[in-house]
Amino acid sequence: MALLEVKGLVKRFGDRTVLKDIDFSLEEGETKVIMGPSGCGKSTLLRCLNRLIDPDEGQILFRGEDVTRVGTDVRLLRQRIGFVFQQFALYRHLTALENVTLALRKLKGLSGREADEKALLELRRMDMETHRAKYPAQLSGGQKQRIAIARALAMDPAVLFFDEPTSALDPEMSREVVALINRLRFEGVTMLCVTHDVFLARYVTAQVIFMDAGEIRAEDAPERLLSGHHDARIREFFGNSGGSDA
Amino acid sequence: MNFGNILWVLAQGVGQTVLVTLACMLTGLCAGLSVVVLRRLQIRGTAWLLEAYTYVFRAVPVLVLLFIIFFGLPAIGIKVSPLVSMMLSLGLIAGAYLGEVFRGAMESLDPQELVAAEAMGLARGQILVSIELPQMLRLAVPGMLNEFTTVLKYSPFAYTVGIPEITRQATALASTTLRGVEIYLAAGLLYFGIYQLLRAGVRAVEKRFEIPGFGTN
Amino acid sequence: MLELTGFSRELVAYGPQLLEGLWKTLILAGSVSLSGLVGGILVFGLTLSHQPMVRRVTDAWVSFFIGMPLLVLLFLVYYGFPQWGIRLSPFEVAFWGFTLNVSAYNARYLTTAYRSLDAAELEAADAQGFGHWQIFLWIILPQVLRLSVPALTNQVILNLKDSSIAFLIQYTEFFAQVQELAAQNFRFFQAYVMAGLVYLGLVSVIVLAARRLEARVILPGLER
């Protein structure tokens, strides 16, 4: 059984259809990258999957269970999906450590000590343990993104979602984060990553889903999408942004 | 009677002035926080009530509201003590202004952090308590200090309902001596001293909860 | 219901006095709004002086009148000045007391707005060869006044509301007349609530006017 299976997903904003009949699946331990020009609906898709946005039609099966059904415990679903944002979205009034422990204490009901232990483990995994007492404003972009990843991983999620994880970072830091994502991949973490960073897609060598105007146009290995694809839209996308990003 | 004696006599009222100010400010904080929390939780049917409270209590003069409560309510059979009258007039008016201060501070929170909290699976109430209120209160410190000062400066109205605070002592003294200038200057000096103390207190609290790089940009 | 009709009859009977009080309220609030604006601009101008001494004195002046409760200031002049042989009418005391207080506040608002101005713009004016007064008059003031419209109109509302305390120095404005009315028939509650509603109505008029003014004076792209 796939971890995540999406069938015929449709989302409209007013009379604009931003997701048109989306189908794809994600297996346990698999990593997929969703790419496409800005406004193609890839971020909306990600937010539909954890129900930050409610889809209008279609099914989302999470381990076989349709989570679009009325009565689904949305908060429980979200606790099983780690979400990493483009702008990090760390809580500015909490230290790095507190950012990681918040959900452990409030949602998993761990004691302060248990939460600290678990959080320190995740911070160590991200090589951020020494920065645990710092506030977000005292950290660099790359460091913030590592804390954000640690915050998501601490909940032992079934899958990790990334929404443009590198686009707010300078090239050097973005490479660091890409290497980190790659490491998580080899550790067997299931991931779904929305990005327009070709370097990320190529380095992680995951299956790429290419979206345009609310539709999935292709799903393939990155090198096959990059080199003279038969779809003109795909050639155009990688032709324009591929050169500068990679 | 020299200036020092005058100051000493008026100083008898400092405790009551501080009491009135703190009681009214506390009332205002409770009211303002209730307003911002109810508004944030978008409880059905409360929106117009909150707007009405905010509008009316910012439009009616403190003195008029104080008289409605202290002299008006007994006329229809409800007796209210002087201090409670101050809390229900000056305090609730401060609450309406503080509600607006808090609204402004809430609007300057980072929406992405709130989405992140939602994506984490935190409940609405948890987001409010763990993320929104701690950040909002820090951002609202200048506005709160401002309102605190305003409350102090309207606290002399307490003399009209017989609370023996600084201005009451001053009017009593001025009626028996003919030293109005010195007496009211001394009163002004005491208010200024209290203001400095309040400010130092607020700053100390602010410092205690200060977070590097937060609220300064 | 009977009660109310009884009260409304008294209201009509006492109408002329109430209207006279209302007129005095408007006169006081209106005149101190004007004098406070002029005074505020003057004081603000002095805080920009190139002489440190002038700046220091002005800052202390502003702090003093902002720190002093208005009521205490009015009492100081009303009950204190006669000991020097200076006897002012209640209106004069209220007018000067309010003017000093309101101009200090208005000066503060203008200073806050001034801090948000573009320093490069002022440098450019300097470089073009404008004199200090010209820069103040033609560059600083027009922008600062526009930016301060919300704060300045809010001060007008405060002036109207605060004018009610002038009855404590025997100025027979609206609220003083309401006291008279209440004392005559002992219907304190109705009288004071009626007063509250009148202030609510007057404030609403100012709020509406202020919104129109704001929409008019705001420069494209300069709203805060």
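List of remarks:
First chain written, first letter: the chains are A, B and C, and each begins at residue 1.
Methods note: contacts are C-beta pairs under 8 Å (C-beta built on N, C-alpha and C of every residue); 3 or more make two chains touch, one makes a residue touch a chain.
Owing to the predicted nature of the structure, the values given are computational and were not obtained by experimental measurement.
Number of steps on the shortest path from chain A to chain B, with steps defined by chain touch: 1. If each chain is reduced to the average of its C-alpha atoms, the one that sits nearest the average of all protein C-alpha atoms is B.
When you average the Cα atoms of each chain and compare centres, the chain farthest from chain A turns out to be C. Once the centre of each chain is set as its mean CA position, chain A and chain B turn out to be 46 Å apart.
Look at where the CA atoms of chain A average out and do the same for chain C: the two points lie 56 Å apart.
Mean C-alpha position of chain B lies 21 Å from that of chain C.
Remark: chain A residues 50, 52, 75-79, 81, 83, 85, 87, 89-93, 102-103, 106-107, 135-138, 151, 155 touch chain B in the complex. Here chain B touches chain A in the complex through residues 110, 112-113, 115-123, 126, 130-131, 134-135, 138, 211-214, going by the rule given at the top. If you check the complex, the residues on chain B that touch chain C are 56, 58-65, 67-68, 71-76, 152-157, 160, 167, 170-171, 174, 178-185, 187-188, 191-192, 195. On the side of chain C, the complex with chain B involves touching residues 67-73, 75-76, 78-84, 157, 161-162, 164-165, 168, 175, 182, 186-193, 195-196, 199-200, 203-204.
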